[in-house]
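Paired with chain B in one complex and with chain C in the other, chain A is shared by the two complexes that follow.
Here is the complex of A and B:
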């Protein structure tokens, strides 16, 4: 083997990394100090884009909307996924069918699922409202009510992704040694006590993974509000990523959009660090 | 060692193929001018016909046409081609609001520098249109080509059954019609027959088909932005006309005369008679004529206006124009071709093939177009309306201006969270901040 053969072998990856990761990141940093609409030459604006971020109320509203989504989405996702994983962990008939069924939405295109839910939640013709009408209950404007539109999206997103987290929790649950439960049985512990004092602490690493994954996934919320509500009503479902996209590809404010991207990445980093500290303390 | 030699050979071959492809493309563009047309059947037929004719008459200036490549929107494709420097020489179907951005970026040919352009355009269009298409640097970068005036289509059977005012409507008459038409047909406590429907989504371009034509109608075609005494661009819509339009629309939604839910996913609600009227352009006529139920009758009228309105009733004309990109090696020849598309014969052919209207003076009374209009009486109201249409203000940030208005529209008109006065004032303030930062 020649001395340079290893370099040749890793060259494709290095090249890919430089062209598709390193260069875009460096270029984005450069962009944050410029005003650029793609077609005209770049104009150096110093820190103007960064100062503008602090005055941009819509960006902060979009960040708050995203946090609101996460506050509902993450606990809901954990409760549903853990509950279903607990059920599927037992030797029940058709468990493998249910595992596949719960996982199915994960592999279906997000756009298709979103359009399907849009029809389900339609005010006049949606199945959900038809059921409410049949029960003589008032209809709900699931996607057009200022107070609940984001939560409707959070429920939909939970349904879409829960299958993945069920699998993760299943792996975690199956790795808990059975002798702990046997000892607890001998001590006369209730099911809840076994869950609280054995299962939960033992699956803490899985829990941390799920929390981090769903936090990052939740922060990148885009497809659901983009298709279902276009950020409305009154920007209550406008997510931060959607706003960054809008600045870049609707107004062609490439420099400002890159700046928003960096600021938002910083916010995500802070949240994940806080989560890590909290979960580590818990362990 | 042998494998390295092979690798070198592959790389050489690859580079050779790339070079060859580049040369082929270069030779191809050296040969002919390229014309991108819209990708609907009528306009493709139009482009085909005129390119064939040009090739017979001017074999020294070869020209080929191509429908604009498929994409989410033609604006997106044009932007991508500008960035990639793969623009055609000529592009028809450019939204007027996009031109200023491209002009400022220096990617368009100033057409007024070409021989014969000024004379031609002053003969074809009136001074108001020329003023509207003139860029802030004083040059003209676009040929005003075709328009689709937004008007009110009304179900005649439903209109005849009403007491009181018949279309065309003032605000009071239209609201009264709404009161009479709005109905809960299946008795479930929810309205399922409305006076009208217009897209509620807070996307900027939706305002071109509801707020903006109503504003133009109410204000005799006033601009949204204009230059103040100090030469700075400022919002010009903080006025009673805009406030009146917001109040009118707010009432339509608040009193359930217009549907707030999205009806676009269902069968066309106008033809299904779930709504009695709609704000739309002439493109709807062909569709309605083709799919309407027997006995379905409708009329075309001007947009509703304030009760005290006097004078002509303007509307948005949805103008699409022709531009020449500066990648064109022979702009004069390109203009000579464009000229054949927009002379009287070209304009008539556009109407015949696409049922769209040329942006020229007095189409409705010009004898040249008389036979066509006599054969297509459904289009006559639109032809008359072409006398009173406006495009959008020539501004690089016009999309953002419409977006700001759209945000306030949603808060005020759809959700009733603001008074029309506050919403319009806030929108104007935001537009002023935006214009100051430009």
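Here is the complex of A and C:
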């Protein structure tokens, strides 16, 4: 082995890192102090982009929409995934069939799932409303009601991703030593007590992974509202990434869009740090 | 909980995950009237929805684009991942731990930050509307480097020493001796990378404007958001079915590996 061999091997990585990671990060910082529409030369504007962010109602609405999405999506994701993982963990027959079924939406493109759910949620002919009608209940405007549309998307996203989290929880559940449950049985613990005092603390690391992954996934929400509602009705399903995309590629406000990207990344960071604290304290 | 209730709940859940897909396929084969039924078998069987898709958008071309881009990029990810992973796992050199931390840093960086500069890079390189824009930014991947590094670390040094005594060069050691010994890792990386690329819609939407170069998810997205489906649900759904079919077929073949690789990486799309 010659001395420069390792450097030759990592050279493509270094080059790729500089062009697609280092440069973008540095350039993003520079962009946030400029006004630029790609065609005309960049114009230095100082902190104007940053001050504008604070006055931009639509951005904060988009951030709020994204948070509303997460507030429904994350707990739902955990409850459904943990529940089904528990059921699967105790089931011997057909476990691989069930796993495969739950995992199917995970592998399919978000584009497909969105087009599919658009039909399922359709006001006039959607399956959900047909079920409601059959039960003599009033139909719901799943995607057109200002208060409901974002939560419909959150439920859809849960359906799409929950299979992955079922698998993660299953791995977590299977790593809990069975002696703990046996000891608890001897003490006469109820099923709920066993779940609360043995299972939950033991799967804490998995819980944290699930929370962080679904948070980051939720923050990058784009395709689902982009196809389903285009951010409507009345911008109630406009996600932060959609708004950043819109500012950059529809209005060509590159500097401002980069600033939004930074502010949003900061918000993500804050939420993830808070979650880390909370999840570690909680159990 | 009785086992009857458990299986009941599981069946109900499984049904809610599978039924929509069955409905989708069946609806795509139905006449427009059948679409509003919760049908499991097509009503008024017809292939006209599929025929319409092909006459309205160049979906066959997009399929070839997607396959070409996803296959080539996956190949590049494997080659580059093995090379960098090998250097990190098996070689001593100045800057090794720095590179390791750069990789971790890259993985935690939100893509919202790099999105616009990367687009500008594509414009400056003149790569907009070319395959290069779809391939090069994805040709190296932090996760694959880490997975290869981990796998190579667990192999015995004797394997490498023996190859060296036989006069094998480093590339030969990597690709002929080590890679065949870590096939599960290769499979994991292949599945994750290919799936991610096949389903990626946002980046193509940004760098490709020319219909001839569009990938499948992008074309289907534009088709269904834009007016060209003209409210014909069946046509829209048929396009979605065709986007889903390749990955579902792969999934049915490699089901176990799909689930294992996703679980081991803890990552999604």
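Points worth noting:
As a working rule, the second predicted complex is superposed on the first by the 281 of 283 C-alpha atoms of A that agree within 3 Å, B and C clash if a C-alpha of one lies under 4 Å from a C-alpha of the other, contacts with A are read in each partner's own complex, and residues count from 1 in each chain.
Going forward, a residue touches a chain if its C-beta (ideal position, glycine included) is under 8 Å from a C-beta of that chain, and two chains touch if they have at least 3 such contacts.
Keep in mind the model is a prediction, meaning the values are calculated, not measured.
Once the two complexes are overlaid on the shared chain, A:125 sits against chain B and chain C alike. Of the two partner chains placed by superposition, only chain C is touched by A:88; chain B is not. Looking at the shared chain after the overlay, A:53 reaches neither chain B nor chain C. Of the two partner chains placed by superposition, only chain C is touched by A:107; chain B is not. Once the two complexes are overlaid on the shared chain, A:38 sits against chain B and chain C alike. Counting the residues of chain A that each partner touches, chain B and chain C differ, and the larger count belongs to C. Once the two complexes are laid over each other on the shared chain, residue contacts for A:144 go to chain B alone; chain C is not touched. Legend: residue contacts after superposition of the two complexes on their common chain; A:230 is shown touching both chain B and chain C.
Once chain A of one complex is fitted onto chain A of the other, the partner contacts of A:219 are limited to chain C, with no touch recorded for chain B.
For the contact definition in use here, the residues of chain A common to its chain B contact set and its chain C contact set are 38, 119, 124-125, 230.
Across the complex, chain A is touched by residues 1, 3, 6-7, 9-10, 13-14, 16-18, 20-21, 23-24, 27, 35-36, 38, 80, 83-84, 86-88, 91-93, 96, 99, 102-103, 105-106, 109-121, 123, 137, 139-140, 145, 164, 170, 195, 198-199, 201-202, 206, 217, 220-221, 224-225, 233, 236-237, 239-241, 243-244, 247-248, 251, 255-256, 258-259, 262-263, 266-269 of chain C. On chain A, the positions that touch chain C within their shared complex are 1, 5-7, 9-10, 12-14, 16-17, 19-21, 23-25, 27-28, 31, 38, 84, 87-88, 90-91, 94, 96-112, 115-117, 119-120, 124-125, 127, 130, 159, 161, 163-164, 167-168, 171, 191, 209, 213, 216-217, 219-220, 222-223, 226-227, 230, 240-241, 244-245, 248-249, 254, 257-258, 261-262, 264-265, 268. Here chain B touches chain A in the complex through residues 79, 82-83, 101-102, 104-107, 188, 190, 192, 201-204, 260-262, 265-266, 399-400, 403, 407, 410-411, 414-415, 417, going by the rule given at the top. Within the complex, the chain A residues that touch chain B are 37-40, 119, 122-125, 133, 139, 144, 146, 230-235, 250-252.
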